[in-house]
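Just passing along the structure, written as structure tokens.
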């Protein structure tokens, strides 16, 4: 038993961290949002793809790295930490959808482009798609199942959401070619990927709060010396660590113990969504007025936390699912 | 105990209600802020012409000299009628009262009437980047010069800073005196070089507030309020005014929102959701408790003449109810509430400041612990 | 408008306070609990009755004081503050039940004894009765309505509940003579009376916490100087004041604005029950270890808060009722 | 990352599981505490005969020398099998370790074996009425006398004080030295005049703890542990032991309770209640997070060799989950849970101490803020 990363995973984490923090510096994210809200830098996407990350969880036979959810989760967490404007999550989720629910033909047709990042995938619901603009393989999930939309016949109308670090849009049609495989296996993994992004967001919001609490002085003390602030930060820590434990476990379960995935994924998604939202709010409170200003980066985290938290099911929907899976009689 | 209005009180309420019904200018215009502001200015003039702008002011200063209870009724009715707020709100609730309390005759002569008429708008220059909760640590400095003072420093969270004629400015006039002692309260003319006003954009994307930079701005001696070195005392009394009597009208506002939320829930066929029913009931109970608490402390104040610290309690309750309500509404709306044009989405983001502006929740709890419960201050 | 007590009400409050605090001193309550759990001192009950309090809300024509719920609530709050072992609440509730839901014959037959305290009334559900032992007019409330039980044919088996400051028992039968009047008018008022008791309990638990926080020193400071403690106490204050505001309002509504009673009573009962429980728990936390000991009085409050909080409907049941009354579509 | 057990680890777990299945003495007897205790003593002997009592102890001291992971597996399996706790729990997790870490050869010779065999029971004399969280302020005094020390003062929260042979006693041996410096750690013989043990009854009505009064009790020099004046350091290391590795077995206990609660809910036909479903799911998530967090910190500790502060986090999480779970259970049971004989009712009352015993939630949050997050200490 070793609930830690192996050497290869640690290397991925280190690379991902330095990449995310150099390519998505706060001022870069801000410039992106203020110049082209919802957009992203194609060059950086190309660079990221060349590292093999676009296809990190895509099987080797389809041109991916053939690594697992644990490795994918590492990338999602670091990119979430940076609130990176990048279609990475949308593309990765499309890859998971095809990998686990697609037919051999569908995999053969689409996974290659997703793995190289040259023919991006995207996922969404009839209301909201993630980074679908310019995507070659948009996949819609709804109560009738999942379908690959034809990018040439579907248009995506941009949605102006409060989260401007990512592109949101509404599809003009949701007709397409059905995915006939195991949709739960796909959507469970998609939820875990989002949970990882949310964990990264929560971690970042906490780090900012702690740092500020050390520097900021009021009444001749650093505010972090007041229990109203320090205990608030301690509460943030449990939230972050609980989200992380459940997310890593769910990722591991997806790779090694698929029977546990459904429960693990819902626990992870619900906890991480709540953690990101609660910690982001709490971090604003620690910052006081400055945390409420546009010029401070916290609101990017707050808004992304809110938007990602609603992807693939609300927290209460996932808790409801958990209850059923642990034996509460319907 | 009698929670019904007396005949006189009822007559007053009806008078207010009728007048508001007849003169309600309707919702504020969309579009740019200056249009909104002119709309509020016109509205305040309308109020003033009917003698309502200074409802809480003594008659001698052009006010209506309404009793505490009448003021509460008036504010509650305003919220109930959903009329706009008067343009010169800070002048009315802070500027005027401070001039009346601490100003000399010529200052009263000079400043009061234009506040009521909204001819001269007032803004507040208290907070600084380094002094949010800790007012006594203000660094903006006022240096004595021939005939007045020269002010240099930065203020922040200055509502209407870009429109205001006068700024209630607290600055350090004596760096040798102990923290609280070295401050002086000035009425500073905003229309001069040496003052730069920059909009401060919030997480909602709009700019309600400003940063104000003073670079050797001049304030004549006759604009010192309450005497040199008394700034702390003068400022504190002003802050009290800010919170007093908030409860009643705040509760009416929450009640309006709650009704909208219930309507929204019913429209979506979610009225029977047991979880939502528990949450809505809790919000209703909080709102009622806020309004009833305001009435209780009002009765207390009428009886004893002493304003209690209930303002702090009400501020705290109002903030958390508003945050919970807007969050619940956005959960119900789902992704739709994430749209930048969503009213509830905006309210949800804006509500994050409720636990910070006008005294953070932490500071308010300190006040309650120390002044109401008599717990020791942390040294 | 005056949301304060008038002179007569203030006098009642003053008398009630000094009576409760002299007759039900902490050591007296403790002696009662340890010598005869669930019992009470007949002499004190007689004394209390002679003050006219047993019948304070009973109409004058039936030998009561003919005062209203506001006056009754004042007494309930003070007796709750003292966690007084006394059948006052049970007797008062029986009086309310008859006064508002009884027939003229039933009133004539029973209210007199209730008003003088010589033929006590008691109320309860099929599971639990309050201070029914020795009561002359036990009244049961259940989904079929309310009935006066015949004390000569019904026996009450003592229940050993954690709250030993009051007598709880289970009736051998729940058949009796039905109350045919306005049961909501009766039960609403009964809920308000309990809410008042709970408000008194919450106030007492808070006062004890605040007092202890001023005296107790750790790390060279009174613990009340730490925000972890002082903000906890501040939170207690809102809970107590909210409970009180809603309770007084409900009492006033019962007397002056009966149409508002149903909503007001449910809001008061739910808030007061939660306040008493939360504040009692929080007060134990402020006290630390000593608050967890039998020799400290806090547990009497904690247990009474729990027991009274469940009388006449749980908090969630009352909130559910509130939701319906304010327009949530069923 | 690999959450499955290796072949060896699995073999160890199976060995433990089989042994526990074969030797589980069943539930503790009802009735008086001394019967319960003798039952636990017999159980510990059974464990010791099979070499399990000192699972965490090095082989040289009669332990099994199990690895950190094996210890965790062992404790988790104990919780899973719902076996009783060994009688001499404090001796095993605190007394033994402190003697092994700070004792000299003769002390190890004298004290260790009887701990394992439960022949000599140990209790802890740290807390005092005036020193709950603030250990450094201990007042119990130890005065040097011929051949040893004379102890006078009062200790509280002393589990098994009435049965124990030895007390881990921290007392002030030097009143002139600064707070932390003047303390010495003694192993005090409880079987002597000058020591009075009084049961301390809790709000549950039972007496798990004692007050211990020292009136000139004698401790020979050879029973000083870790040297005169080093009491603080010795005590702190002992307290660490108390919290370490708690998470895993605590989570198993919560998981057992949660399963019972779900069964209870289903029996009452409430399984479909949306509110209960949300609450149960939240409890499950908290329990899983606690168990997974314990595994993560264990892996970390195995790798780095340094025990993290996770013990404090786990303690805090466990306490709040247990309080919420027992409260929910009693809400569901209604009045029935208010019966003195109600198991859930008892657990609910008992759980109120979870946020106090073994470090209050406030102190634990201070520790986390300072040691994990590096926030400044309040001076």
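The first chain written gets the first letter, and so on, giving A, B, C and D; residue counts start at 1 in each chain.
Heads up, the rule we're going with is that a contact is a pair of C-beta atoms (placed from the backbone, for glycine too) under 8 Å apart; a residue touches a chain by one contact, two chains touch by 3 or more.
Please read these numbers as outputs of a predicted model, since none were measured by experiment.
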Chain of greatest Cα-centre distance to chain A: C
A-B against B-C, pair bridged by the larger set of C-beta contacts: B-C
Whole-Å separation of chain centres (CA-atom averages), chain A against chain D: 40
Whole-Å gap between the CA centroids of chain B and chain D: 53
Sequence positions of chain A contacting 2 or more other chains: 226-229, 231, 316
Residue numbers of chain D (touch at least two other chains): 274-275, 278, 362, 365, 378
Of chain B, residues touching chain C in the complex: 1-6, 9, 69, 259, 262, 265-266, 269, 271-272, 274, 276-278, 280-282, 284-286, 288-289, 292-293, 295-296, 298-300, 302-303, 313, 316-317, 362, 365-366, 368-370, 372-379
Residue numbers on chain C that touch chain D, as the complex places them: 127-128, 159-163, 217-219, 226, 228-229, 281, 284-285, 288-295, 298-299, 302-303, 306-307, 310, 314, 316
Residues of chain C touching chain A in the complex: 226-228, 231
Chain D contact footprint on chain B (complex, rising order): 273-275, 278
Footprint of chain B on chain C - complex, ascending: 1-6, 9, 70, 210, 213-214, 221-222, 224-227, 229-231, 233-235, 237-238, 241-242, 245-246, 248-249, 251-252, 256-257, 267, 270-271, 316, 319-320, 322-324, 326-330
